[in-house]
Amino acid sequence: MTMAVTREAAEQWIRAYAAAIAEHEQALTQLDMAIGDGDHGANMHRGFQAVLSRLPTVAEGDLAALFKLVGMTLLSTVGGTSGPLYGTLFLQMALRAQGKHELAPEELEAALRAGLDGIIARGKAAPGDKTMIDALKPAQDALRQALNQQESLPEALRQAEEAARKGRDATTAMEARKGRASYLGPRSVGHPDPGATSAHLLMECAARTWV
Amino acid sequence: MTMAVTREAAEQWIRAYAAAIAEHEQALTQLDMAIGDGDHGANMHRGFQAVLSRLPTVAEGDLAALFKLVGMTLLSTVGGTSGPLYGTLFLQMALRAQGKHELAPEELEAALRAGLDGIIARGKAAPGDKTMIDALKPAQDALRQALNQQESLPEALRQAEEAARKGRDATTAMEARKGRASYLGPRSVGHPDPGATSAHLLMECAARTWV
Amino acid sequence: MKKLINQPQNVVAEALRGMAAAHADLLRVNAEPPYLVRRDAPVQGKVGIVSGGGSGHEPLHGGFVGTGMLDAACPGPVFTSPTPDQMLAASHAVNGGAGVLHLIKNYTGDCLNFEMAAELARAEGIEVEQVLINDDVAVQDSLYTAGRRGVGATVLVEKIAGAAAEQRRPLKAVAEVARTVNDQSRSMGMALTSCTVPQAGRPTFELAEDEMEIGIGIHGEPGRRRMKRASAAEVAVMLVEPILGDLPFRSGDEVLAFVNGMGGTPLLELYIMFAEVARILEGKGIRIVRSLVGPYVTSLEMAGCSVTLLKLDGELLQLWDAPVKTPALRWGA
Amino acid sequence: MKKLINQPQNVVAEALRGMAAAHADLLRVNAEPPYLVRRDAPVQGKVGIVSGGGSGHEPLHGGFVGTGMLDAACPGPVFTSPTPDQMLAASHAVNGGAGVLHLIKNYTGDCLNFEMAAELARAEGIEVEQVLINDDVAVQDSLYTAGRRGVGATVLVEKIAGAAAEQRRPLKAVAEVARTVNDQSRSMGMALTSCTVPQAGRPTFELAEDEMEIGIGIHGEPGRRRMKRASAAEVAVMLVEPILGDLPFRSGDEVLAFVNGMGGTPLLELYIMFAEVARILEGKGIRIVRSLVGPYVTSLEMAGCSVTLLKLDGELLQLWDAPVKTPALRWGA
């Protein structure tokens, strides 16, 4: 699957991410204990377990139905900061996937960008604030650039994943200016951001699933 | 001073006991932490520090005045179980020392016995209940017996101290039937009783002071 | 020692200053000898109710001084009974001519000191009645112990006797109601951690991470037995079953259910415990008609809880519902 | 993990069952989506007040549902904001035709979820106002942070806005009063220990025996700085001085002084802190005319406290004194 992301492939991505979150739940929570309130892993895990249990209800639906289900489920089961933000990501993607059963690479890129824009509009974080944006935005930029350079989707996603990883790693040195970590001021420096870490995992699952 | 206990000697005894309590405060409290509520050292120390500070007010008084001051001070500053009991001991001794400036050995013995009887009347503990009685009563019995056998007061007190020590040590194997330690049932076995320990100290100070 | 204090030996006196500063509308604090008394004491013609005991159980007793509950409370040092002179002074302060009732938790120290206080007060012409509170079913055999301890029921006795006194019932009748509440109440407690007496500076006992104590009192004493930690559901059974069997409580009974926090356990957990207690009672056909949930009879910062059940009748219910206005318990006023 | 719970993931649902069982006279609990609502909601013609936030702060918010305070509370998982569907359902449940006020502690998660809820509620024809509570002076510069946190003032805003709504003031006016309380309040907190989120299973941070954190929030986060442990008197200065300087409070001001326990600190210590706070204020000529002492805005079993001062005027005083009847705050009713 290199030409377009099918309905089936998209569901594989969601399932892979749910599995990755389950695997990294404790690690994400521990990151959040260092500079937040120790719930990011539990939040994401609760949300994606709910998503898994509801996936059958949209088995017949298109990509928009799938993404909407994910977005609405995250919105109503995650809570905290990550619920509305990841929820918005998928709801925005759903808007770009209306009536579609597959997304061409450029359509996928546009959908993801709409999702990122939605997160920025809601959370008002800028790059460098030590949030999930610091993983998502570099990934998005790398994805667009690679596609513009006619790279294949798998290669473009590989580059996006790498950019997300670098972005995640760069958050370690940052002083947080948004979210709970910002209350720590300089004490937030030296720890990677939990949300950037879960965001990198999302890109990593895409790169791994859509080869 | 072997023939009679003078007013001055009695005050020396009280001062020696206050010093001994200060020295053993932590130890007494630790015994009480094991089978009680961890305050016996603090209780006794608070009381005898108050006694020390008030001793000057009876500098001119007889033995009754001294013992009454000690008893009333313990009563109003110690609280807990040991306050009324040690308070009663000294108030009863005061009654036997009315108008006296010294006590012959037999008078001393009678005064101490009245004190012990007062404690028993108030606290209703019997020997073997794992209380201060288990140190005081053997000491009292040894004192009377030694005096009956025409021993000198120092020798009689030496024997009384030894009996108190053995009585204290015997409490270790006892299961408490009175006071807080009784709530522990069998779990109270294996620890010496705090009150028996402070009671032994009282006899030990008498033996040490009145040589 | 992780405490918000100044000098360990001053904790009680300083907390009393805080009470006085915070609740001047309800009570006054006498510094020497230390006692708290309702602002308008003595109330003429009303039985004066005095309680007291070692400190470290806050809000008990000082937090229950006010209209419809205690007229005075005598705080001792932490976990140490107060002294007869405090009780005597408090009895004078609340004596409005109808006599004074002493409510005493059954601990040797409290009993001895209150006894001496009553002797002194009577000698000075005050009519005194005393009621012993001994609701703790963890203490099983009073032949071999100092008798059952007074624990959670203390709040219920103080509230209900306070209401009876407020109705101007005579001394004997108020004492009678207090005895009834005690007789109809049973409690049992447990601890997940010990607590640290400020002057001792370290925990009274040590519990491993996976251990708990069942059958504790309220003075940081270890309990009847040490066990592996269990779920809230299992703990509820361990506390409620001995309570139910003891009175005994029967199907059809109406009860006040009181889940008490020992000081360090958050309300979230107390409500989980309450849900478990309610489930057990429902299964036995016992109806909870009143409830109390919170840290009312504490043991410093001990983590744990106790359960108290009081079998209610119309009379007790009406007295429980009567207005009360104290720092820690307040309704209808 | 020393907790009285069953499964960590069920603590909130089970505590809600306990609340429902204990306080059926005051409130109802909706299980799915979870919210608590006053028994007689919606009250026709009255502004409905909805608050909510992560659990673990009990009695906040559920304990303040009842007459004269909150109409509904939405509990999230421990320390995690609830979700828009809860807030939407609660808004419907309390809408008596006069609109709904959302009282929101200023945390990113709470803000985002309440914002989405308001969008949904408005789309469904409910008039919604929102007031952010942000009284924590420990967070200094809102250009570089998510802004000041909502902490102790939350109780005061909820109580006073609740009284205004009970008087049938219109939505805008109730929101206005809520904003005034927030504007006139300042808080700061400290911790002697961390706390353990049930699903994390171990303490959020570690503090050595001789350390404390100053400037903490209410989610087990470490604070602005770690220091050597200090006396109650010194801690009071560290908390009160930044509060006084910030509003600023001035000689002659009349204040409500609120010493709040973080969950694991016994009342004895809170009153010692209150005495210290009162002493500082007296020295500055600031008069305490109302007080609140106890664990009202907690952080699970964290040991520590926070101080909140609210500058009162006659209007706020009268609303504070108005009757309130909730599980955790009750007077005049």
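Just so it is clear, A, B, C and D label the chains in written order, and each chain counts residues from 1 on its own.
As a convention for this text, a contact is a pair of C-beta atoms (placed from the backbone, for glycine too) under 8 Å apart; a residue touches a chain by one contact, two chains touch by 3 or more.
If you're wondering where the values come from, they're calculated on a predicted model, not measured in any experiment.
Note on connectivity: the fewest chain-to-chain touch steps from subunit B to subunit C number 1.
Note on connectivity: the fewest steps through touching chains from subunit A to subunit D is 1.
Chain centres here are Cα averages; for subunit A and subunit C they lie 54 Å apart.
Spacing of subunit A relative to subunit B, judged by their CA centroids, is 75 angstrom.
Separating the CA-averaged centres of subunit C and subunit D is a span of 28 Å. The set of subunit C residues that touch two or more partner chains comprises 78. For subunit B, residues touching at least two other chains: there are none. Remark: the chains found to touch one another pair up as A-D, B-C, C-D. Only residues 29, 33, 36-39, 42-43, 46, 75-85, 122-123, 175, 177-180, 182-185, 187 of subunit B touch subunit C when the two sit together in their complex. Per the touch definition, subunit D reaches subunit A in the complex via residues 9, 33, 54, 76-85, 107-109, 112-113, 115-116, 138-139, 144-146, 149, 197, 199-200, 204-205, 217, 219-222, 224. In the complex of the two chains, the subunit C residues touching subunit D come out as 1-6, 11-12, 14-19, 21-23, 55-56, 58-59, 63, 78, 192-193, 209, 229, 231-233, 235, 257, 263-275, 278, 288, 291, 293, 295, 298, 300-301, 303-305, 325, 327, 330-333.
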